[in-house]
Amino acid sequence: MTIAVAPAVVVERSVPMAGAVELVLYHPPSAAAVDPGQFFQLAVSAPHTILRRPYSAAWSDPASGRIGFIFNVVGAGSAWLSARHEGHEVDLLGPLGRGFELDGEGPAVCIAGGLGVAVFPGVVQALVARGRKVTMLQGARTAAQLMPASRFAGADVRVATDDGSVGHRGSVMTLFPPPQGEGQGGGVEIFACGPTPMLQASIDAARRQEVPLSSIQVALETPMGCGVGTCLGCAAPQSRGGYLLTCQDGPCVRADRIDWDRMTDEFHG
Amino acid sequence: MTIAVAPAVVVERSVPMAGAVELVLYHPPSAAAVDPGQFFQLAVSAPHTILRRPYSAAWSDPASGRIGFIFNVVGAGSAWLSARHEGHEVDLLGPLGRGFELDGEGPAVCIAGGLGVAVFPGVVQALVARGRKVTMLQGARTAAQLMPASRFAGADVRVATDDGSVGHRGSVMTLFPPPQGEGQGGGVEIFACGPTPMLQASIDAARRQEVPLSSIQVALETPMGCGVGTCLGCAAPQSRGGYLLTCQDGPCVRADRIDWDRMTDEFHG
Amino acid sequence: MAKPLDLRVDLGRGLRLRSPVLVASGTFGYGFDAPQVDRAVLGAIVTKGTTLRPRDGNAPNRIAETPSGMLNAIGLQNPGVDHVARVYAPLWSSWDVPVIVNVAGDSVDEYVAVVRRLDGVPGIAGLELNISCPNVANGLQFGVAPDLAAELTSAVRAVTRLPLIVKLTPNVTDIVAVARAVEDAGADALSAINTFVGMAIDVRRRQPMLSRGSGGLSGPAIKPLALHAVWQVASAVRIPVVGIGGITTAGDALEFLLAGAAAVQLGTVNYVRPEAAREVHDGIAAYLEEHGFADPGALPIRSGSVLTHA
Amino acid sequence: MAKPLDLRVDLGRGLRLRSPVLVASGTFGYGFDAPQVDRAVLGAIVTKGTTLRPRDGNAPNRIAETPSGMLNAIGLQNPGVDHVARVYAPLWSSWDVPVIVNVAGDSVDEYVAVVRRLDGVPGIAGLELNISCPNVANGLQFGVAPDLAAELTSAVRAVTRLPLIVKLTPNVTDIVAVARAVEDAGADALSAINTFVGMAIDVRRRQPMLSRGSGGLSGPAIKPLALHAVWQVASAVRIPVVGIGGITTAGDALEFLLAGAAAVQLGTVNYVRPEAAREVHDGIAAYLEEHGFADPGALPIRSGSVLTHA
């Protein structure tokens, strides 16, 4: 796998949903190489920052050489990124890590919390392309913050909002298990991305439905120093003891590989 | 004297001469308060920088509330400033320090080296307004880097370039003394702004013309921490021993106050 | 509904401040400059380092910017203690913000003489002992050796009834040892930290940026180092600790208060953002409200000894 | 026309490098990752700290960004010396860039055992002794006490013929004393410096950012402190000094070479700008050309002892 480190031009900037920004970069090699669930380390030149920022590719289009990133502003780096516009350059390093394994059988249930939804346009597209039945469960504080269902063509999209402004009132987990039996054991596969507490909730819910942990894939979120395996800063506790490196062994891993009791969350909760 | 610390909107950005940028800020209190030769501490939010950057007011127009700054890009801070455009905000602190004393009698000879010329549009205007005869001596590497004579209405402008592309070939000092006797002792007053080596050259030349040091005013250039007298970082050696503070006692001082043998230059030469 | 907020702090020996936000020595002169800072939010002003005789200070270049920080080697330029006591103190006595005089010297005798001159002078609320100065006797800084620091502290303690804050240098292997020695020697409070010795070289001129070669590093760059020093010291002594080092926001100040500091000093940021003191003061208040704390004293997270990393 | 450039450096005992630009321990793994770095410009690769037995390392959170810097407390996660000698060394032996193994341990015996295992193994060009580790015997870091550091150095020296670089910690009152002691104990070269102990607190969660509480600060923030350490050490010892700390540009590297370093190591910058090594290498060459120096050895500006500021 070849990792590019190169400046990429911003060819489009938009606001896909309230509180989020979407940057489309033109970089054919990356657009061609990236798998759904992989991430890039984006360089930011904000005051007093030094490290790159990890962002999942939301989607990519090898034909046009474009790759999309969807994010919200939480600090100096994302604020700098959100101020990029058409014609600006963003230096990217990637694609990095492992994406989701999409070639399984049976129906897929995707669970997104918060900006974890950013990874799913590409994931859903790939699952649908493989002829798999896809249910997309998305939660947000309020209707305006939901990613439009049009971003998940071919999937059965179900939504929940904390304020009940649309869909179920409550967390995304109130949508699980979805009707029609998917989620009742048997062959269903779960793909979850969001804050660690939400990942844990998905796992507990799945357990209750007797979905084996090996049928749950999660996208981990840990701090990233290098993104390539040299700093050892992205450790996540393994069920078999010790730690895996989120940037190399992840960010997408099967839930049974993680020791969830030792898993921490620096950024939420 | 009241010192403002406030964001000011950039109302105009232009390139007055090759390699220089002019930012016009809208800030009526400062435009009204500033004297020719005073400076402002401009906040920059460039990567890894913390200190404000000192810049002379090139000119100000109390009527329109505008104040102009002319500078070149030498590092991170000026690069950030040069990327400001109409509508952006720049936080200013000032006006600071002492400007030139302009109320003297007799003809005035202004000597500008490099970006030292930035201070003179306002100075020349004020001298002319006081009915004084003004000769403006300006030097640069090449013609394109000279500030247009139109910026010095009412003055007799003479120029020199290192490459001889226009005016005298050589340094600005080859223009001194200007003809018609100004510069031969007797009442002439010299105003000099530029790199310290150029200030020293002006003084030596003036000495040779028996112009008393007390008739030479120079704008000093030292590092600035605070700009208001609290850090003691802008010390300049005094002829009577010890140090004065460039930000409070200067930047404009009479040449006889400085111990030129102990005067250093961190930024040029 | 949270209890009414109380931002007052007590640094001992009657030095009660209305706010935990102070301005640090050398970054606020003697309180007569920087008019744009809102004094109403300040717990106290700490003056420039003051010596027995007036000092001219070092030759230029005295300061240089570094990544997220700055180096300085001012050389204690100051008008001397007599001028401070005769001219400044009387003016301070009518101010509503207490002034703490930062004291420096080359020998125990000089420190003692300076403190004697200041003791009992109206307008002076307390003293901060800058023990980062080299001792002419042995060239060593007083602050790097527990015994030297203790000797200096008790000598000064013996000649004044003023509240005495001893300001620690971070340029030591074991700051806790110095802190304990100084506490036992009679300090009412500690402030930590002073600058870290550093240097910058002008590659174009091929010589050090500062005329003295080296200088003291301050600013955001040193915040993590200062915070660790305060965390260690606060968990090792019983007297109040004033946290200093790279504080520019309320969040920074809260890190120090959570680490065990009773108050904080703002330094380099005063040069850049005069509004910082107000923002830090209000930000601390808002945080206390939000988390239902009655006062800053409730903030410290108990540390115990922190393991060093490997 | 300037003489042909020679960028080679000699770190002693036959450790001749083609370039003064190395990559620092813990920022380049064991040389198998970070493919995007151009190895052709590297004088050597220094590996992650290696211990006798494999180590899992510390629990998350292990890193945190700070102003112009980052904190880390990895906890020496490594596969153990046996794996390094059996699996990695054979691969290195075919590389055109020498690999220096960074050695760590909890006791003199562990260091000695690790070095014994590495001695004479093909593919290993030299050793860098990380003496910043706490000594289980007394909890103190080996690197903070001249006698401990010297004892460790000679114990290791006695069991290997490999070039031995001892890496100094800056968390000491007098780094020169440690440097001299280590030189006398048989080090072929010194590298300076390792990280500065620091900490960050998560104000929202009200607990330290790092699971270990404290961590090591690296990055541009520490450059002025590292440079001062190198300036002091280089003027006090006769063996080569490798400068480390916050280097991100050729200008930064030149500051260290002017301060007396024979070579430099790039650390944190490798995470961010893989092209940095190439830029630094070419920038040094361009500077030598421009100023008419034949090689980096001509750069140091003679220091003599630097006064500390006041």
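Order as written gives the chain letters A, B, C and D; numbering starts at 1 within each chain.
Throughout what follows, a residue touches a chain if its C-beta (ideal position, glycine included) is under 8 Å from a C-beta of that chain, and two chains touch if they have at least 3 such contacts.
It should be emphasised that the depicted structure is a prediction, and the values quoted were computed from it without experimental measurement.
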Quiz item: Quick one: which chains contact chain A and chain C both?
Solution: B, D
Exercise. Give the label of the chain whose average Cα location is farthest from that of chain D.
Key: B
Quiz prompt | Distance from chain B to chain A - Cα centre to Cα centre, in angstrom | solution = 55
Practice problem: Using mean C-alpha positions as chain centres, tell me how far chain C is from chain D in Å, no decimals. | Solution: 33
Quiz item: Roughly how many whole angstrom separate the Cα centroids of chain A and chain D?
Solution: 37
Self-check item: Numbers and ranges of chain A residues touching at least 2 other chains
Solution: 48-49
Quiz prompt | Touching two or more other chains - residues of chain C | solution = 58, 67-69, 72, 219-220
Practice problem: Within their complex, state which residues of chain C touch chain D. | Solution: 58, 66-69, 71-73, 75-76, 104, 132-134, 141, 144, 171-173, 196-201, 203, 206-207, 210, 212-217, 219-225, 227-228, 231, 246, 251, 254-255, 258-259, 287, 301, 303, 306-310
Self-check item: In the complex, chain A residues that touch chain B
Solution: 45-49
Self-check item: Parts of chain A lying in touch with chain D, wherever the complex brings them together
Solution: 2-5, 43, 48-52, 93, 222-223, 225-237, 241-243, 248, 262, 264, 266
Practice problem: Could you please specify the touching residues of chain D with respect to chain A in the complex? | Solution: 26-29, 33-36, 48, 56-65, 67-70, 72, 74, 77, 202, 205, 209, 211, 219-220, 268, 270-275
